[in-house]
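In the two assemblies presented below, subunit A is common to both, partnered first by subunit B and then by subunit C.
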Partner chain A sequence: MTDSQPEYVSVTLELDTSWRYASGDPMDQFLRRVAQRRIEALRCPDCGRRYLPPRPFCGRCRVPMDEWVPVADTGTVVAWTVVHLPIIDGRTGEPRPSPYGMALIQLDGADTTLNHYLDTADPELLTIGARVRAVWREHQRGAMDDIIHFEVLP
Partner chain B sequence: MILESAIKLPFSYAAGGVGSRFLIALRDEEAILGGRCETCSTITCPARSFCSLCHRAVDELVEVGPCGTLQAWTEQPGKGTFGLIRLDGADTSLLHRLVGNADEWHPGARVIAVFVEKRTGSITDIEGFATEGEPT
Partner chain C sequence: MNPVAVVGTGQTNHAKARPDVSQPELIREAVDAALIDAELTSADIDAVVISNMELFEGRALPELWVAEGAYGAGKPVFKVATGGTSGTSSCIAGFHQAGSGSFDTVLVVGFEKHSEGHTQTGMALVDPFWDRAVASGALGNFALSISQYMAERGVTEEHAAQVAVKARRNAASNPHAHLKMPDLTVDDVLNSRMLAEPLHLLDMCPQSDGAAAIVVASGNNARKRGSKAAWVHAAATRHDQPYLGDLDRRLITTRALSSAAASAYAQAGIADPLRDFDVAEIYEPASYAELAWYEALGFCNDGEAGRLIGTGVTSMDGELPVNPSGGVLSTNPVGASGVIRVAEASAQLLDRAGDRQVAGAKTALSTGYGVYAWSDVIVLRSEMP
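Now for the complex of A and B:
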């Protein structure tokens, strides 16, 4: 570098905000069942609403819930989208490769929707009301991503 | 059950005129520069483009260190040990890694900068600070 042409430096950094958190008791029980490919929802003793993902309290009746009811790994698409500008995947801390599908899925036996990934291999099949099924990983570790995504049933 | 999650945010920023001279000196000369305020004579390290006491622009850079005195330190499990180092000739402290074989660190310990071989113009061109006199 000559004196007349100073060199300027750009500083490249990565802010890594990794964290650990306690799942809480309902999510702990839920994920232990997921590890065995079982899905269960928490049912409100007052209004009967079945929560999936499980929540400790019914958001409508404000009462604690502890009754688990079985839920299938099949369900119905309530809303869906194809993501082209990915958000950060909380598992890796990095943007998920795009495009990918996301859907709110009401599993058979639940009254709330689950936010999960949707297989977009056949875009023709994507529609509100489409029937879907969970595609499980070969080995479960007790996490929401033990389900890779949901595939549309033909 | 303990769950894990992460967000990684890559970013870059311009080091600026004085910051660039500081980083280039690390890279090309293994030299640590402080910025000297012409009003109050305070030498700030790392060099900054202004004096935070006088709010005056700083343009004069002087070499400080590579030896210094440990002011304070802490250990972050799994990440390493970090210290505030008052380099000889500087009036402020530099935050950096503590490296080497020291069994325990203490305020007042004499330390020396250890440079990496392949330097890129980054604060990590200094690997860290080891106890003075330790073979590096």
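Now for the complex of A and C:
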């Protein structure tokens, strides 16, 4: 690119549109329980892996899953970060306020990990292996953001 | 599969923005360069494979719009989509097409014009029920996985910064590269803006406008060309489960990449990757990823990646130069980035890599990385299989 090149016509387009997605049966059951502050995972009959998010088949063993098992709203941090960039929120298209904490959390009773917000009120407590508990919103609507974030247990 | 080879490569000049060309015009630049390099004309192309992430530009059916730029009208044309791996997967699709005997000469072209759209919004459109509320793009995924990787494998922020410095300094010898920073230092990386702990701005790839193309020829066609061909000795691709939380300690287990590498190395007879490869072009969207890939690709034992970068083993004058082009850390038009890996590795074997040439390179590795769920591994040699 040099300064002598012409500037071509360009066009700016803005859309305001919406999408509607179906959950499927396992996710529907899961979210209805989340609305009651309960978490359950689907367990693979072959490998025993307890899956969140729940889905109708184990991708590793390639078999159907239909056994629900209880999972606690407490767990262990297996990975964490503090995001400083105002990342676009995929629900709204707007940038999120930053900084904010994120963690991969191994909930007690699940074998996969949950990607969720981590309370960063006390940075000293942020570490792999930290024990955490879900902080629920006052009113539940059956969505993962019914959990505000996970707070580190002292 | 019959033997196949890369017989020509072409790239645009990659940049933060290319407002001087439309998308089909951008593609045409890379395609024409590849045809000239291969000493062929558009009439010699039997089929076209395209790689692009249309969600980033917000343009439906990019393969329809841009294929004319790749001389596609009247020929078989399709697009391959496997996230960041799309470019290497497109190359592998081209290898399969030429190797099947159905086509003699296949053109593979990848492109992205990040400047025209919303990459971050595209990356944000993940599972609407499970993690849409919290997902933080490739940056968030990497930052999380890196915290585990650092804890288990003992790499430091300084090791990662050394990778970032190596990439941008190498890029200074690559006329196509987007970020050319010959004077970059480790301190510059460590002092750059914090994006997501521990990732600084200069630990991450840029978003680039650019296109890259390769010409793939079947064995008979390639043989006719005499000695100048980069022969495909192995090409393996792997997919993994869909959620970040499915992949236990993902930068440590690197399930998809390790599996693809094991398969490709067995096909190509690679016993000691550090010794057997003369050059590698690997897909490292973040500095730490390159360290994790060293271990997954068998360049060193687990836990030794920091030593490898620290002792210069992977620098231009080291035992195995990794990313002489400057890699994804210096140039990242996503749909093209995988094609660039194969084009750069091929150019090394064709002895056409200019100031970034690794003298006498005979065996080269290319890899692709997509989201966290795809990995491609390709082994190329100057000798026919």
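Here is the rule we use: the second predicted complex is superposed on the first by the 135 of 154 C-alpha atoms of A that agree within 3 Å, B and C clash if a C-alpha of one lies under 4 Å from a C-alpha of the other, contacts with A are read in each partner's own complex, and residues count from 1 in each chain.
Just so we're on the same page, a residue touches a chain if its C-beta (ideal position, glycine included) is under 8 Å from a C-beta of that chain, and two chains touch if they have at least 3 such contacts.
This is a predicted model, so every value here is computed, not measured.
When the two structures are aligned on the shared chain, A:Val9 is found in touch with subunit B, with no touch to subunit C. Of the two partner chains, subunit B is the only one touched by A:Thr17; subunit C is not. Of the two partner chains, subunit B and subunit C are each touched by A:Gly93. After overlaying the two complexes on the shared chain, residue contacts for A:His84 are found with subunit C alone; subunit B is out of touch. The larger set of touched subunit A residues comes from C, when the choice is between subunit B and subunit C. In the superposition on chain A, A:Asp145 makes contact with subunit C only, while subunit B stays out of contact range.
Applying the stated touch rule to the two superposed structures, the overlap between the subunit B and subunit C interfaces on subunit A comprises residues 1, 7-8, 10, 13, 19, 21, 23, 27, 31, 88, 90-91, 93, 143. Subunit A makes touch with subunit C in their complex at residues 1, 5, 7-8, 10, 13, 19, 21, 23, 27, 31, 52-53, 59-60, 78-85, 87-91, 93, 102-104, 112-117, 128, 143-145. Contact residues of subunit C toward subunit A in the complex are 15, 18-20, 58, 118, 120-121, 123-137, 139-140, 143-148, 151, 193-199, 241-246, 249.
Residues 1, 6-23, 27-28, 31-32, 88, 90-94, 142-143 of subunit A touch subunit B in their complex. Partner subunit A is touched in their complex by these residues of subunit B: 1-17, 19-21, 23-24, 121-122.
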